[in-house]
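Below is the structure I would like to discuss, written out as structure tokens.
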């Protein structure tokens, strides 16, 4: 009788299950799973269409009911006592229904999927605004065009890179299989060669970077730097030659050794990472988006500095306390500040006057309880908010 | 300062930086230095706001928003929907190396539900968008009970510390474990009092007639300032380090004015 | 008197320029000072150092390059330590950009000398991004294998001995957001929790260190420098290993930037008093 929880958990006990169907390599239109999905979408849409038609005085109970049912799952999960099996698995047995905890991953996935869908809808609304501005050639249409071009560039390379990475996963699995059965083919020879080259290249680049770093720090002379560079070049040549010989031997004997499989894995990764798509994706993500992100957030340093200069005035006891604490904390977080008092011996009474001791004491005995009290106040608010949402008292949600 | 000038001389005047601009491996689509230069241009565009509002800043800002919006969709699909929803729903075709995955059609229910969020743009049927939001909020709200228990009971336990010393020693160095010296006890009393006083300031923030509560709330505000002072100090630190990191990017990674890490 | 008046109405752009010059100079040739390692970072390091080869930790990396200055040096120091101890790593994130950043940084650190050539799938796995943080933590705490099953990492050597979260030696967060709170709320004491956070979050997290909910805490760039110092103490024999990095490098500029802040506030106050005095006397 516990098929209901099994369905919710999308569990697949032995035997056929109506809710988990096989997927084969036949054309998608001829497979039952496809039609089941289409049917589910249609049925749900019809249901939702009917819901949209309900009289307006049923709307609130409907939303409150859905919200409560979702929340109730976790409340029950919290209240039902749990058992730990010998296998280490935790279960929460409920008479008739079965293991209540089993459906937890599904509840978790549901929330994640709906959040992700709403995220996509949020971006669609950005698109609407800017596309409209562009179409009507309103003021600042140029900036909207820039925004839309950036958006679609990122979208294209992000998605293309994702499908390439999936292809890479398949290749890696194939390599694993080939390594298991020790079969070598022409394709693996190519991939392993690229792998050995890319690994040797990384080693060379690391050695060169290290030499450059040492040169700029003044640890080695320019001659030494040049020598190290040539050395790295030689090491690169030797490594590639050695592994090429190894690969050729393997190709001749038709047998894939674990070492060759390792090279092939590295090669498959390098093949993907050196492709046009992966490089472009790295460019727009790492070298543009991330750089802009960091620059934008660092602007705030300037604004706080100017605000502190203009507005931080010791007019009241509160402001003085705040300033003084901030000063001690600031000094205790930089070694140059700590150096002011680091001469005091830490094992004697006078050691209590060291900046790190004072700052630790303030943080542990004054800041900690103050923050705890603030957090407790906030948490009580959150708890109340959670209850209001569950019982449909929160107006923003239910009405 | 001389050291600084020596560094500058080292990189720019010997021409290394200019050589770097065109250096690349065969498989690279752009020389690394060109990539860095574009990043530097974007950074300087953002910083131009510090001088005043200008066209360059707006240009760079719109690139930023566009990239971030595009990335939000990429993330939603690649990290969640593709695996947890699409593949779970339709299953996976078996290949030579990969086994078949069963398809669970019930996941398809979420597509119409998620798209009800679109009704937020409709004036008449906006309430329908509350259903997906209600599901997420319900799942969140249901977890708050155990969350409160897990997070705050240990906090409260850690606040109920012993306040009566069990030795007349002043300082704690070299004492056997379990002894509470006078200085420890005083610290603990301060800890408990601070907690109570700040809490009273928080919970009784409406107007008070009781003299004791008034007093306690006043001291609570002072002690709260210590917490806020610590927060202010640490906030400054984070923001400065972010700027320092950008300065490192511009001066060391891009212009090569000093030794790298 | 005019000087003070001028100071009060100083163009903020001059202040910005002074900050840029000070920081720029210190970034190029930083002043160094001896470090005093904080006890919070010390206990973090000690616990991780007590792990054995083959132990597994779950690292949740929730930072992106927007907080690169603090978080990257923390993350890299942590990865160096774990890789040298041959501890296996499961990486997750509740931030979509963060997981990509984590991947790039792990690959970079894995290539360094002395880090045992860590390889994805064998020594570490990237379980990916989880957008709904509370449900993800809930899922991991209740059934880690089921939660990670769709991510294709469960059948790797990394997770071979993990049937429950309590089989992990620790959950360690490197974060720039409040993502740690969800772990406080949902951990159920299954394993230990460690934290690398940005300085701005430290004030709210120190209470959890004090109550024992965190086994250790590294705060901001200083925390990274502390960790780097401890790594340097442990691995100083091998010259080629990279121990001291950005954490150390950023201390000099940070000190000067903070000094500018302190000086600016002091002079702002003096100017206010002086101008007010002059106003009263005239």
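For clarity, chains are labelled A, B and C in written order, and residue numbers in each chain start from 1.
Here is the rule we use: contacts are C-beta pairs under 8 Å (C-beta built on N, C-alpha and C of every residue); 3 or more make two chains touch, one makes a residue touch a chain.
Predicted model only: the values in this text are computed from it and were never measured.
Of all chains, the one whose mean C-alpha position sits at the greatest distance from that of chain C is A.
If you tally contacting C-beta pairs for each pair of chains, A-B comes out on top. Rounded to whole angstrom, the centroid-to-centroid distance between chain A and chain C, based on C-alpha atoms, equals 16 Å. In terms of their C-alpha centroids, the spacing between chain A and chain B amounts to 13 Å. In chain B, the residues that reach two or more other chains under the touch definition are 50, 71-72, 74-76, 79-80, 84, 88, 136, 139-140, 143, 146, 148, 151, 155, 227, 230, 234-237, 239-240, 242-243, 245-246, 258, 261. Contact of a single residue of chain C with at least two other chains is seen at positions 16, 19, 66-69, 97, 130-132, 134-135, 138, 150, 199, 203-204, 207, 210, 219-220, 222, 254, 257-258, 261.
Of all residues in chain A, those that touch two or more other chains are 74, 107, 109, 111-112, 115-116, 119, 285, 289, 291, 293-294, 296-298, 301-302, 308, 323, 327, 330, 333, 363-364, 367-369, 371-372, 375.
Against chain C, the residues of chain A that register as touching in their complex are 74, 87-90, 101, 104-105, 107-109, 111-112, 115-116, 119, 169, 172, 202, 206, 210, 265, 285-286, 289-291, 293-294, 296-298, 301-302, 305-306, 308-310, 312-314, 323, 327, 330-331, 333-339, 342, 356, 360, 363-364, 367-369, 371-372, 375. Within the complex, the chain C residues that touch chain B are 13, 16, 19-20, 23-29, 66-70, 96-97, 99, 128-132, 134-135, 138, 150-151, 181-182, 184-188, 198-204, 207-208, 210-213, 219-222, 245-246, 249-250, 253-254, 257-258, 261. Every residue of chain C that touches chain A in the complex is listed here, in rising order: 10, 12, 15-16, 19, 31-36, 38-39, 64-69, 97, 100-101, 104, 111-113, 119, 121, 130-132, 134-136, 138-139, 142-143, 146-147, 149-150, 152, 163-164, 166-167, 199, 203-204, 206-207, 210, 219-220, 222, 225, 240, 251-252, 254-255, 257-258, 260-262, 264-265, 267-269, 272. Partner chain C is touched in their complex by these residues of chain B: 1, 3-4, 7-8, 50-51, 71-72, 74-76, 79-80, 83-84, 87-88, 136, 139-140, 143, 146-148, 150-151, 154-155, 157-158, 227, 230-231, 234-248, 251-252, 257-258, 261.
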